[in-house]
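Let me begin by presenting the structure, written as structure tokens, before commenting on it.
Order of writing sets the chain letters: A, B, C, D and E. Residues in each chain are counted from 1.
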Amino acid sequence: MPYQRIRKMYKAAKRDYHRRARPGTAPGTLHSFDDTSPTRITGFGYDADSYAEEELKTAEEALAFTKKWKCAWINIDGLADIELLRSLGAAFSVHMLAMEDVINVHQRAKVEEYKENLFIVTRMARFTGKKHERNLDIEQVSLFLGQNYILSFQEREGDVLDPVRERLRHGKGRIRTAGADYLAYAILDTIVDGYFPVLEEYGEVLDDMEEVVFANPTPDTLTQIHDMRRELLLLRRAIWPQREAVSGLTYEYQEFVQEDNRAFFRDCHDHVIQLIDIAESQRERLSGLSDLYISSISYKMNEVMKVLTIIATIFIPLGFITGLYGMNFDPGASPWNMPELSSRYGYPAALTVMVTIAGAFLWYFYRKGWLFENSLAASRDHHEDNQ
Amino acid sequence: MPYQRIRKMYKAAKRDYHRRARPGTAPGTLHSFDDTSPTRITGFGYDADSYAEEELKTAEEALAFTKKWKCAWINIDGLADIELLRSLGAAFSVHMLAMEDVINVHQRAKVEEYKENLFIVTRMARFTGKKHERNLDIEQVSLFLGQNYILSFQEREGDVLDPVRERLRHGKGRIRTAGADYLAYAILDTIVDGYFPVLEEYGEVLDDMEEVVFANPTPDTLTQIHDMRRELLLLRRAIWPQREAVSGLTYEYQEFVQEDNRAFFRDCHDHVIQLIDIAESQRERLSGLSDLYISSISYKMNEVMKVLTIIATIFIPLGFITGLYGMNFDPGASPWNMPELSSRYGYPAALTVMVTIAGAFLWYFYRKGWLFENSLAASRDHHEDNQ
Amino acid sequence: MPYQRIRKMYKAAKRDYHRRARPGTAPGTLHSFDDTSPTRITGFGYDADSYAEEELKTAEEALAFTKKWKCAWINIDGLADIELLRSLGAAFSVHMLAMEDVINVHQRAKVEEYKENLFIVTRMARFTGKKHERNLDIEQVSLFLGQNYILSFQEREGDVLDPVRERLRHGKGRIRTAGADYLAYAILDTIVDGYFPVLEEYGEVLDDMEEVVFANPTPDTLTQIHDMRRELLLLRRAIWPQREAVSGLTYEYQEFVQEDNRAFFRDCHDHVIQLIDIAESQRERLSGLSDLYISSISYKMNEVMKVLTIIATIFIPLGFITGLYGMNFDPGASPWNMPELSSRYGYPAALTVMVTIAGAFLWYFYRKGWLFENSLAASRDHHEDNQ
Amino acid sequence: MPYQRIRKMYKAAKRDYHRRARPGTAPGTLHSFDDTSPTRITGFGYDADSYAEEELKTAEEALAFTKKWKCAWINIDGLADIELLRSLGAAFSVHMLAMEDVINVHQRAKVEEYKENLFIVTRMARFTGKKHERNLDIEQVSLFLGQNYILSFQEREGDVLDPVRERLRHGKGRIRTAGADYLAYAILDTIVDGYFPVLEEYGEVLDDMEEVVFANPTPDTLTQIHDMRRELLLLRRAIWPQREAVSGLTYEYQEFVQEDNRAFFRDCHDHVIQLIDIAESQRERLSGLSDLYISSISYKMNEVMKVLTIIATIFIPLGFITGLYGMNFDPGASPWNMPELSSRYGYPAALTVMVTIAGAFLWYFYRKGWLFENSLAASRDHHEDNQ
Amino acid sequence: MPYQRIRKMYKAAKRDYHRRARPGTAPGTLHSFDDTSPTRITGFGYDADSYAEEELKTAEEALAFTKKWKCAWINIDGLADIELLRSLGAAFSVHMLAMEDVINVHQRAKVEEYKENLFIVTRMARFTGKKHERNLDIEQVSLFLGQNYILSFQEREGDVLDPVRERLRHGKGRIRTAGADYLAYAILDTIVDGYFPVLEEYGEVLDDMEEVVFANPTPDTLTQIHDMRRELLLLRRAIWPQREAVSGLTYEYQEFVQEDNRAFFRDCHDHVIQLIDIAESQRERLSGLSDLYISSISYKMNEVMKVLTIIATIFIPLGFITGLYGMNFDPGASPWNMPELSSRYGYPAALTVMVTIAGAFLWYFYRKGWLFENSLAASRDHHEDNQ
């Protein structure tokens, strides 16, 4: 079962590569890509007492929405409608390079300060699909943090942010009162925490794979180890840059982040560090796993060779003896020609010799510890050591 | 014997993963987890002359206790009673993010300064259970260092801090007079020093494993090497962050740490560096061990193949000769058909040829050094070199 | 098909080594090398409204051209005509060490500030030749950024900069109005972005190679892995230093880079970091690949040995039995001599014994999981575990 | 011979681990350990003109001795007499944590400044025992550098410092005039330089081991590689921290180190860097060595398999033919039953077939280069390449 | 051919180890070593217009020579005459520690500022001996840069500096006018550039070795890989420290290095960085090479085993059948005893069975791709994939 799971992740992850403007394109040029989902704008407006959720159609509506509320979150899913995105960028005074980064969704996590807003790029990881056929989905989320609004762009519909929306709806915690920067924290933190279950899933797959490698290493296992390595490389490339990005939010950008909320970003930074710790541990475990594979194969080959050696070593000499007495030298032609054949105890003697040889070899192999289970041999060795 | 020991550690360590709030939970939300032990509060109050130890029931009692004594240590074992913990947090002005870190016991060691107190997170390692069935137990210990008190939270009952309590009880050393920061040092230092016996135990297991790998490498050994790698990764993740945390205590946080006591934290920092040294050495030894395993298996396979080769190489050609004279060509039909069979010395000649062939191979193998113990062959080679 | 591709790249890359002045040559000495292409100067002059493209013959013409236009790009292809290069250097006040670096085309990417201009060295990567016979071509591009001009030197004709020229011609974007430093950015950025398709191509070759390694590892695969490693080393040596070089352009050299254009260089810096990320991932994947190769070969050898062992282990003992009853002991000479031969059920009994032995071995091998496809054996093991 | 040498070192090194206070012990507590040597105090007093060497009994005598001389070196060998050490500590105003570090002899090299003196910890390496049975002995040396004295503590009698004492006795160089800090330098430098012969010895052992690995790799070699790795880890742990410690002495601690003597400490620092260079090179060589071992074993196995394959491949088919004509089909029962047996040239024809088959295989193996020494095959390949 | 070359280098390099003062020797003590070459002093005096080259006998002559010329280079070859060296040191106010470093020729590259002069240590690499028997020679060159002179010490006669002398003689470039610091640059730069041909030579040897490893890996290749590793370690230890040393010269030591000449040292620094790049690439290639060796050996063993398996698997069962009908059960004694032997088509039937079995195995091996060249099998697999 775990195999299928890994297989799927792998296929999904391969896609991540492309979607990048052609080299030499003027900066700020926005291209539509084939595989992008349709663009949908949702506005979440709130203050301490009230809350509204609205589907918005145009950049103007969005801008008006942010003006109407004390604090607003404009969430854009899907990057297909380049015109709409461009007008949104214009309405919210987004720098053209930042807008380009929103569209070319292969950015590293980073924070850039512009005059009108703070541009935060992060990457979100989650599993999509049903259980046991889940795909790993790594998606770029771009946030613009303004004075009283957040503009967020996601590649596809569906995300890990529903708990944040729930908290907004029910006014749980400080989220409805603490300003747009706190909302940015809540989003970032939820995205970061979303890596934990992913990494734990990988941890469990690693556990499974370890058992398989010990018990029954096949080329499939090898493929899975290799695919896993690739997955973890992708996750690592997604996680590492977040450290630097979030770290900046804990002490810089006074204009956009309130002093009171720094502690929350610090907490989020702690979580990123923990993520990196876990990801590195898993990479080490994985690299141990491929050593393990080779060792395991070598051991099994050793076992195979032992069986062959024991059988061949015992029976080839015996075969020689039977061959010897199968020769057709004519006893009649000379007394030197195989007189054993007609001696009274020739056959029993030959049998005795053969049993003796077989016994000697068996004893030799037993001494070498090749004959029985290794654990027995080990305990015997141990015993001898102690005598 | 050592195998069982490692096995057990491994099983215990696996548990460490979980116990983390769901992604998207509001910060400061305190959850109870299933596997937490019941909460128990113990107060240790002391000044230069007097000392008391008291079981406390509520946060108010605890606060009153710290007010009554010149210096007090409130030790909380078990994190099951979330309500009690929350009221403790409130009574001692603990920041909600810090309180969350206390409950989500998967933090890296760190020090954070808050207005009312200094929040120190560390991880304690010890063996639980009886000898030869010991489990490695890594547990988070969270300390809040206030002006005259220490609030400490532990995951489970039982710790390595009894010597500190003994020193408090008997007023040994400066512990009763040097303030709460000195007590924090005493606790931290004891936790840090508690890693030494653990690492020494691993050192001894490594010694055992080296001997096993040389003498009798089995897949079990491989499993143990792999488990050990995992253990050491866990220990490393517990130890490394302590360096930075303790380092901060040697020069920062003037409000909570007295200048006089800096030297003690410096000493503690030295110990952490030594721990890291030892842990890194053991990691290197372990990584050498898995090379060793492969080399050892390869060598043993070589030996197996040599036996097979010697036996098969000698007897297969001999078998051919016996087969040759076992053919049923009719000597009567033609003088060309196997006249040897009826020659007077046919059989002795065939035997002589066979002995000669066997001797030639034996001599060849002897020359190659495949025949006897390698040490003999080595000394022979050596001898030849010197001639 | 992919093999040929890699092969070709490799051959091309090998050339990169030489072309370096003899040790001890006076600094600033300009040597012509055999393999350099003829020198051709092209001038691109532009301002917001007009644009011209002109072939220039001499250094004086080039200098005059830059004076005539608000902004000019003097592009020199080919480094064969040392005299012409020297006069260009003199005309544009190029430092002799910088000029030497232009000629000795093995420089690391770097930026050096001189009084008259900013000297930027970078390396451009592209594929030349037709599809499936493409060669990787890494070429040094040296730029001198003056107040209103750019002087660029390339090793050979042909580059990745045509999109920049297109943008100049059609006045797309800010390129015609933003000054020489923006042009420098446009050139640098296009060169940097030109690495992405190259690395993606390598990514695809890596995908192919992974499949080959699993399915059918041959020494050719090994050669390709090794060649690939070498390629990636070359690319890495070309990419890494660009990070530091471009980073400098984001905050230094006030005299040559306008504040307004910094953001563009920052964007370019981001791209270099992404390149490094991808290149490092590919290196890791490649290093995993050679482990994979060994594992794959080991596994295949294991399979080969299993076949040999199964066949030999079954038939060698059977062969012994047939040999036994092929012995010519004379039943007439003694009742002890092979009475089986003339017993009524001798032959059937012997056959039965042989079938039993073969069956026993088959059962043994089946239990060991050596007999059928591993996946079957695995599922069986799995089944047993669950019972 | 080299084996015994390495073995011994290894046994000695293993001891280094323990001797550490129990976790939770109050800081500054001094414990006696079982294996410590008896304490002996020797005083070396000198000024430019005079010199004396005296055995001292008590801390008071030692203090008086330092007062009597312009400059004095109090050398303490052996740490058994805890009381004496404590009184020495008190007499010379040694900080209790420093005194504890003197006793718990597992410290990293470091320098700590106290009000009364500078505390320098270093580790000394030397070989003890006779030639070819030498043990590596790594020992902590603790120095207290006061205004006019040095207090030095060593674990055991015997050290590498006799040349320093000789220079004191004979007043060679500036040692008698340059103050206590110069003496500290002389001691440190001699200890540092004492690592060079140790590392050179290891270098020679590495040379020997390389030859053994190529010529005759045995499990013993493997053990030695592994032991060596451990040794070098120990040495490295002893050497690395000295870099930082000595580095501090080149620019800090104005109160204790005179400006004039800085250059000497700089020189000593250079030596430590060289040591690290050499130790790292040896580590790299060693890690190459274990690759070498596996390669060497693989190659030898390949050779073994070739012999088996050549012999078995030639003779098994021949054996089949002999078996064929050893079958007892009754030629009398049918003309189809093995008419060859009674044909006139049956036997010679069979022999011819067999020789042909053997020849064909030999030619095939010759072509593959399996038949003769590889060098021959190589030259043949080479020849073909050039044609 | 390349083998001999590497062998030789290796032997030469081994010598580099020793020549170091005994530990505990007073600093500044100058010892003569056995293998040093006789000391010869040559003076090169020059100003813009004139130039002279003179053999000097004593320190006084040397000092007078430097006074006579505007700029002078005193070059000392060979370190045998300790007295002469000491008097030179005294005449030119060389610090005793610097003089000791000149004699103990195992220093890392470094720059140290003294009051009278700047002490520069570097290491020069070149090949000595005839083509194909070249030895690598790494030699320490120590420079003292004073206001108008350079004092240079070399271990042996012969160096890479002849082009510098030529430039001095013919007054080429700025060398005769730019002061002693420019001469120091010229010397340093020539030494640094002298590493390029050495590394290129190694690059070519690596190319050769790669081909040998693919085609015909022998233990010799292994030895060469290992020796090469050692060589590159030596070169690396020589090159790396030069980076830091030369770097210092680009911004420090105002008293000795003129601002105008900084650019030249920067250029030299660039070259050192390039050297390091190349050396690191070669190290990576080399480490890939030893993986390659193991893979290559594994592959060849696989091939050997395939041949054995194919032959043995086909003929052992056939041998069993022939053995079966070679049994001597008496058909006369019972109708059950091998009636086949006397059946009319017994022999042809047996032959048919054998041919069928052989064919079945052949088909099985063909399917597995073991039978023909791998490339064929690969194309077949490929074909199947596409169907």
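By definition in this document, a residue touches a chain if its C-beta (ideal position, glycine included) is under 8 Å from a C-beta of that chain, and two chains touch if they have at least 3 such contacts.
Computed from a predicted structure; not experimentally measured.
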Return the chains shared as contacts by subunit C and subunit D, ordered by label.
E
For the two copies subunit B and subunit C, what is the rotation angle that overlays their Cα atoms, in steps of 5 degrees?
145
In whole angstrom, the CA-centroid distance of subunit A from subunit C equals 24
Averaged over CA atoms, how far is the centre of subunit A from the centre of subunit E? Could you give it in whole Å?
39
Among the residues of subunit B, which ones contact at least 2 other chains?
294, 298, 301, 305, 308, 312, 316, 319, 323, 326-328, 338
If every chain is a node and each touching pair gets an edge, what shape is that graph: line, ring, star, complete or other?
ring
Should the ring be read from subunit A with subunit B in second place, what is the ordered list of chains?
A, B, D, E, C
For a test of understanding, state which residues of subunit B touch subunit D in their complex under the given definition.
160-164, 166-167, 172-175, 186, 189-190, 193-194, 196-197, 200, 203, 207, 210, 214, 263-264, 266-267, 270, 273-274, 277, 281, 284-285, 288-289, 291-292, 294-296, 298-299, 301-302, 305-306, 308-309, 312-313, 316-317, 319-320, 323-324, 326-330, 332-334, 336-338, 369-370, 374-375, 377-378, 381
Contact residues on subunit B for subunit A in the complex?
14, 17-18, 20-29, 95, 97, 100-101, 106-108, 110, 112, 212, 215-220, 222-223, 226, 229-230, 233-234, 237, 290, 293-294, 297-298, 300-301, 304-305, 307-308, 311-312, 315-316, 318-319, 322-323, 325-328, 331, 338, 340-348, 350
